[in-house]
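Shared between the two complexes below is chain A, which has chain B as its partner in the first and chain C in the second.
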Partner chain A sequence: MVKKSSMAAAGKEPGRAPGTQAAIAAASCCAKRGTRHTSSPGNQLSRTSAQSRGVPSPTPPRARRTDVTPGSPMAAGGGHGRGSWGSHGETAAYGAEGRGLEAPLANGRARLNNSRRGAVTAEGTVCGIECCPRRGGPQRAMLRRALRLGLGRGLLGRGLGTWRGDSTLDWDGKVSDIKKKIQSVLPGGAWNPLYDTSHLPPEHSDVVIVGGGVLGLSVAYWLKRLEKRRGAIQVLVVERDYTEYLAVVDDPPLDLQFNPSGYLLLASEKGAAIMENNVKVQRQEGAKVCLMSPEQLRNKFPWINTEGVALASYGLEDEGWFDPWCLLQGLRRKVQSMGVLFCHGEVTRFISSSNRMETASGEEVTLKRIHEVHVKMDRSLEYQPVECAIVINAAGAWSGQIAELAGIGKGPPGTLQGTKLPVEPRKRYVYLWHCPQGPGLETPFVIDSSGAYFRREGLGNNYLGSCSPTEEEEPDPGNLEVDHGFFQDKVWPHLAQRVPAFETLKVRSAWAGYYDYNTFDQNGVVGPHPLVVNMYFATGFSGHGLQQAPAVGRAVAEMVLEGSFQTIDLNPFLFSRFYLGEKVQEHNII
Partner chain B sequence: MLKIIIPTIMLMPLTWLSKKNMIWINTTTYSLLISLISLSLLNQPSNNSLNFSLMFFSDPLSAPLLVLTTWLLPLMLMASQHHLSKEPLIRKKLYITMLTMLQTFLIMTFTATELISFYILFEATLVPTLIIITRWGNQTERLNAGLYFLFYTLMGSLPLLIALISIQNLTGSLNFLLIQYWNQALPDSWSNIFLWLACMMAFMVKMPLYGLHLWLPKAHVEAPIAGSMVLAAILLKLGGYGMLRITTMLNPQTSFMAYPFLMLSLWGMIMTSSICLRQTDLKSLIAYSSVSHMALVIVAVLIQTPWSYMGATALMIAHGLTSSMLFCLANSNYERTHSRTMILARGLQTLLPLMAAWWLLASLTNLALPPSINLIGELFVVMSSFSWSNITIILMGANITITALYSLYMLITTQRGKYTHHINSIKPSFTRENALMALHMTPLLLLSLNPKIILGFTY
Partner chain C sequence: MAAPKASLHLVAPIWKGGPRGIRGLSRTVAPEGNQRKGRTVLQFLADRFYDVQALREYLLRKQVSKVHQKNRSFTYVKEQYGPYIAAAYFVLKQGGAVKFQGQEWMRPNGRGRFSLEFFKFQAVPVEAVDASGCAINYQGLDNLLALKELQSLSLQRCPHVDDWCLSRLYQLAGSLQELSLAGCPQVSERGLACLHHLQNLRRLDISDLPAVSNPGLTQILVEEMLPNCNVLGADWAQGLKLGPEEQSQDTARSIPA
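Take a look at the complex of A and B:
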């Protein structure tokens, strides 16, 4: 009771407390993002910088930026520092301080209040606690004044007047407190007779989507979109890293920062045939793509060195890049408005039952079925078993682990049961550099035959690009340190060779992120697992997740609801291809 | 009557003393035996009621409901075996004890001679039901559902207690058997109108009347399978039974007080049937269909003609068996797919053909296909309401059509179509489940051979 009155006395409405908590949570969340890596949408690397949009706080999602000091030359390999670390650290410290500050203050007030009350009751008067730091705002003060005038003098004796006035303040606070309590107890309120479990996910959900990245959200979106009636399917998205606290209510309609610009793919003598083939397919599907000879290329983009280029393909229409962070946020908001539940936690266990069956050829297979998903709450030992009908594995780089939890790949090698989901995290870097002499506004998204790529970033002669490392020099995915030596040794030579102007460039910043890399054929896994019957995949896009998310989400939703792909036939991307050994390989792509 | 009550009470020691592996089989067979004993009550040799003692009696109205109660206990036990398979032994025993307690209270409610003892037992049935819903329900929302269930029914029935006391003052007795012969009309005054409302409202909430039905879908959806079964099959019928009993002493108020409630029921039955058409949740569809069927019973009781009484009693028994069977079918789907959403479990016909046959039979009885007793009940009600007012045939006809529509909608979405990948390897239907469905279906079919035993006291 003492605590309650102190809250009221401090002019703090109880309703505001969760707000501050949320702020703290958001702050600590910021801090955490620096250190934790999570399941992620496929193509986070193509994200444009948050700073260019002038968004103050959120740093890029799950990708730590390492700023190189502007003064140091390009060769600052060892200079990659902890610039961003510092800022994260600050936020964390602020959050912690804020909380620290709050607690002693509240305690102090409580103590103060208590001692005063003690003193007053000893004197024998009923009330009269003057302990009100005026923090409640002008309206509250006005109300108090009115109350003091109305009640304090009128109803009761004049002698007690001054005391009385303040006591009504206290009374006022208490009344609103009691009112709130009654309101919450009434049916439909938030109050619960038992312990509060509102922070836990629901005990039952029809569909559980593991991973709240762009693919998971896209599946959620299409499930809700294709359900016949509103609210027919309960969908729960479980996400380990949860930056939703930073979302702003009532912000303007979604602007994806789309930047129209063609993709310019360059092919060497070897890749020319494949490119021609690719372009044929693209044209069949209605894409406006033109093929260019080195001569034409030189005429159009004089800054390109066409040495070793046999053929180039250039997109003419509806191509470009956009801000994936905006898309993710927009999707999250949309999906939330459609009734999808979110939960900040980690899937640690699947409870499943297995069923032995015999195939027509007499082979024995064990069919599994997931009944419950254990969701461990973030930074807590508490977990909630969620009963579900369908699990969708969209955990990005970590979907291999999730599949293993469900018992996929735990069988004798060579059998279907022993076939693992070949998706693992791979670290990829993106560098942002400045080059005053570089190509101008018309710069397309250039993908060199060597695998290096770059594009314009903003209008200030900044460029953004990188290149995928070869299998042998795959960086350790354990952390998200950026290797500047990689740019120096592997990326820059290619860039400089292709665009001579890039001989002199200066790296501004760089970041690292994870690909959900499919080691089998670098292509997505879509649709059900043949043995764990109620697990569906939407993962393994090895960097193309963002591009393909809307379509894949729809495909998975159709598979769940209709039993087959309806709009686009994605049967070549089923899990069974890993067992059958049918690679879906694509060449000369980025 | 003790020959049924005492064996039912003895079910409790049987439960607690049974060995672990015998607990289900012992209780099920024993309760089935009890229900066989109670069958003898259906033989009502004279026009008078069978008076067993000062406390208990039975007549053609209460006997079918009593038999339905005893018949349903073994079925509930069979249905909940899978639901409880993961619970510790002591909780299983507690669960069976709760069901047994509920059964005891229900038997005594249906056979009580005194209105006050009827009232007390009527309220007592709330306790085990509430425990079953809030303890063994599926999700957190069960607590909310329990609250709704408890408070709707309690608020409705408190005025009844006061009304009963005043009737006791007025007449000097609350004995059902005596009240029948008390032909003195209540004076036409405001206080008697309130008396009428107080007496009827308790049962209208329980039925439930459209507008007071909000507790029912919640409770049905969140309750475990046995809870849903007993709620749909028997607890709703308590309302109908109470109304049939108490209207005899509320003359002549009923003749004019009935109008608004008749309207509300006629309107509500179409509304709830239409709500059924757009349900996505299987259990809630069945729950709303119960509300719609019960509205027919309310109409029948309020019209107060011999035929409408016959229709009401027949409909109560028919609906009890049908809706209980539908809940069992929904539960067998839920245990396999872990989802009540209809569009996530389609095309089950190809996987579980025998279950599909049960689905077909249950849906057809639900939409009152000709030889079933559901049709007999509906026909009586429609005919008597037609002769009460010709216009009602439009509403009744619309309701019958919509009932057929949603029953077929439910059948088609669950059974027909192409099945999806995630229901590919569901368990085959167990003998236990097939037996359960058969035990629901057999009485429905047998009663259609000789429906006069469930036509109540006006036959």
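Take a look at the complex of A and C:
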């Protein structure tokens, strides 16, 4: 039997948020002791804990970077090792969680060393020397006390106030806390004697995926699925913003809430030829699509007003919409069960090295290689440099910023070094409304020739829809505020014209989101960057990323593992097309 | 598409406690309580030993491939004898019953054997298929969709028939008059929305669908969607609370069999 390490058995890997129990316990412990968590940068906290431990001031684990040999490319990192020490001191001020967790360890040890008073036994009564005079001399009492320390659960016992047998102490939390600590001490655990680093990402990872959305998780899934040996590749997914429940093992099968009702695209006179062409391509690839005239459309869907419609294409089989959140959850669950590590943090810096090379024709080219990714923790200045071999940019609407961090686009315009990643966030609204006389259960996802679209949502005559604004009307992507005037002026007129029942409707709610809009040709960027050799892109799909995520994930995983696309050829979508000016225009962005 | 939860129960009685080996095999028929306990023991071991986890995954994969094998398409039979014979062979092999036009119902006997005398009915279309309880899935439906004169299809209690399968049924729209989906655990109201293509349908049974979130409302919407069809299913007032004087009226409005 091959035993799993305790980390794998616990399911879970560094990067989990520390148990709040421990944090609360720590905070209260320290509060009682009178230390402050919000100390000024000056390592007051570490000094206090050093005092209680009786060991000299510890060097933080990150400062080990200075030990690296100067010749290596890490020399650049060595310089900032000191910097990390400085920032580490600062985090003592802000990272209450990060520092607070080591306090119970320190305090616990301190208490073991010092004499205890008011150790609470399992029965809940105290057994100090004072209340048990029958028990014999002080040595016996001390022996008893020591035994109770070992057998009882009072390792993290608080001060004198608890010796009345208060049941407000959280025994279950304490027990699981201690179990966790013992597990981490045993071989295979991630015990760091100086600090608790369970909330930080690991120090090394083969592949770092920036962005934990559907594309990032898809790449992670395929990397784990296509690796040659089980556990061959360590993958870390860094996601800046997710508030959700982490997966549970042995789950019921994934239910995507797929509605196979199909898409209905309507075309006016001028779009009819393009639509026929598109349908031809779709049929070649095996899609079951049918073309309908206005007459057939009226027979099938009597609630449509076919004025201005010349042709309609309707997907018959395996076409419809599903819940992207379910897909994300399912992917996250599966990918975690395959051993991918997660980290809640933000990528703030790339440490890379450059090499000057000459091409065959004698031109000089500077190739860059990323060596470290700095992952900053949420709401803290603490960061962890993660050494990695490959970085995958799946950061969606913020991929442009990540690319800039890697130095892509820093050069004279018109050259390859000066070509930026043309992906920027674009705000889009979605509105949910109720219309009691609206179309029934058979309503497909209707996309009007004007660009407005809607679909049925649930069983209660609710509908969801919107319209993409034109270039001139692009809203400001600085915030996610919804403009209800946009619905009144730009969306509703088209909807009411196409479906007369929508003349009376009531908007129930609305929200906004970002498209990772590719300003060059609205199609995705896939594959490595020609100059930054170990950064791979999987972004820029301008609203179509969800449907293309599984395929793109596989393509990028194959590119990483094999060096070229195997199953599907995505060479037209490489980064170099921005420099060469070869557009692969996507027309059907809704 | 993942295997339904029911299939995992099959794994537990066979492999309770990996290291105990053969002794565990003897307990193949375990009552419900033991099954659940067996699963947690297996889960416990699978969490700690890579071997047990790999074995568990292998057994699960084997179950899935068994269903896959049952639903392979009989291209040879189709080419040699035509689509009707291929469909009939497929259904009989799965354990269902088939009725040719002008003939009696044919079904396999208790041991799964059936006579091959229907091979002479090459030109006779299949009129009705009863695939209740069969392990027919999305791929297997291929064999049935070629039956252009099929009038009655029963997919009651099929564990692998789901919304995706329903979206393929539009190909039978020309002839299908009777469809039964009662008791299918994976069919939800989203799949029922695809049935609006079946305009010739006269009888539709959608009772006892556990995955439908709101059976009463769904029935109303399906009735609106298919005006010429008699929809059997949940009583539409099921979700409503009746006053005491209305209770007696309710019994009069019973569901036709």
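In the analysis below, the second predicted complex is superposed on the first by the 387 of 590 C-alpha atoms of A that agree within 3 Å, B and C clash if a C-alpha of one lies under 4 Å from a C-alpha of the other, contacts with A are read in each partner's own complex, and residues count from 1 in each chain.
Keep in mind that, in the parts below, a residue touches a chain if its C-beta (ideal position, glycine included) is under 8 Å from a C-beta of that chain, and two chains touch if they have at least 3 such contacts.
The structure presented is a predicted model; accordingly, all values stated were derived computationally and were not measured.
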{"item": "Of chain C and chain B, partner touching more chain A residues", "value": "B"}
{"item": "Touching partner for A:L441 - first (chain B), second (chain C), both, neither", "value": "second"}
{"item": "Which superposed partner A:I351 touches (first chain B, second chain C, both, neither)", "value": "neither"}
{"item": "Partner chain in contact with A:S261 - chain B first, chain C second, else both or neither", "value": "second"}
{"item": "First, second, both or neither for A:I182, with chain B first and chain C second", "value": "neither"}
{"item": "Which of chain B and chain C A:M559 touches, first, second, both or neither", "value": "first"}
{"item": "Chain B/chain C common contact set on chain A", "value": "none"}
{"item": "Chain C-facing residues of chain A, complex", "value": "1-4, 9, 11, 230, 249-250, 252-254, 257-262, 316-320, 440-442, 456, 459-460"}
{"item": "Residues of chain B that touch chain A when the two form their complex", "value": "138-140, 143-144, 147-148, 151, 278, 280, 337-339, 341-345, 347, 418-427"}
{"item": "Chain C - residues contacting chain A, complex", "value": "1-5, 18-19, 43, 47-52, 163-164, 166-168, 170, 189-194, 196-197, 213-214, 217-218, 221-222, 224-225"}
{"item": "Chain A - residues contacting chain B, complex", "value": "187, 192-194, 197, 202-204, 206-207, 227-229, 231-234, 355, 357, 367, 369, 371, 387-390, 527-528, 533-534, 536, 559-564"}
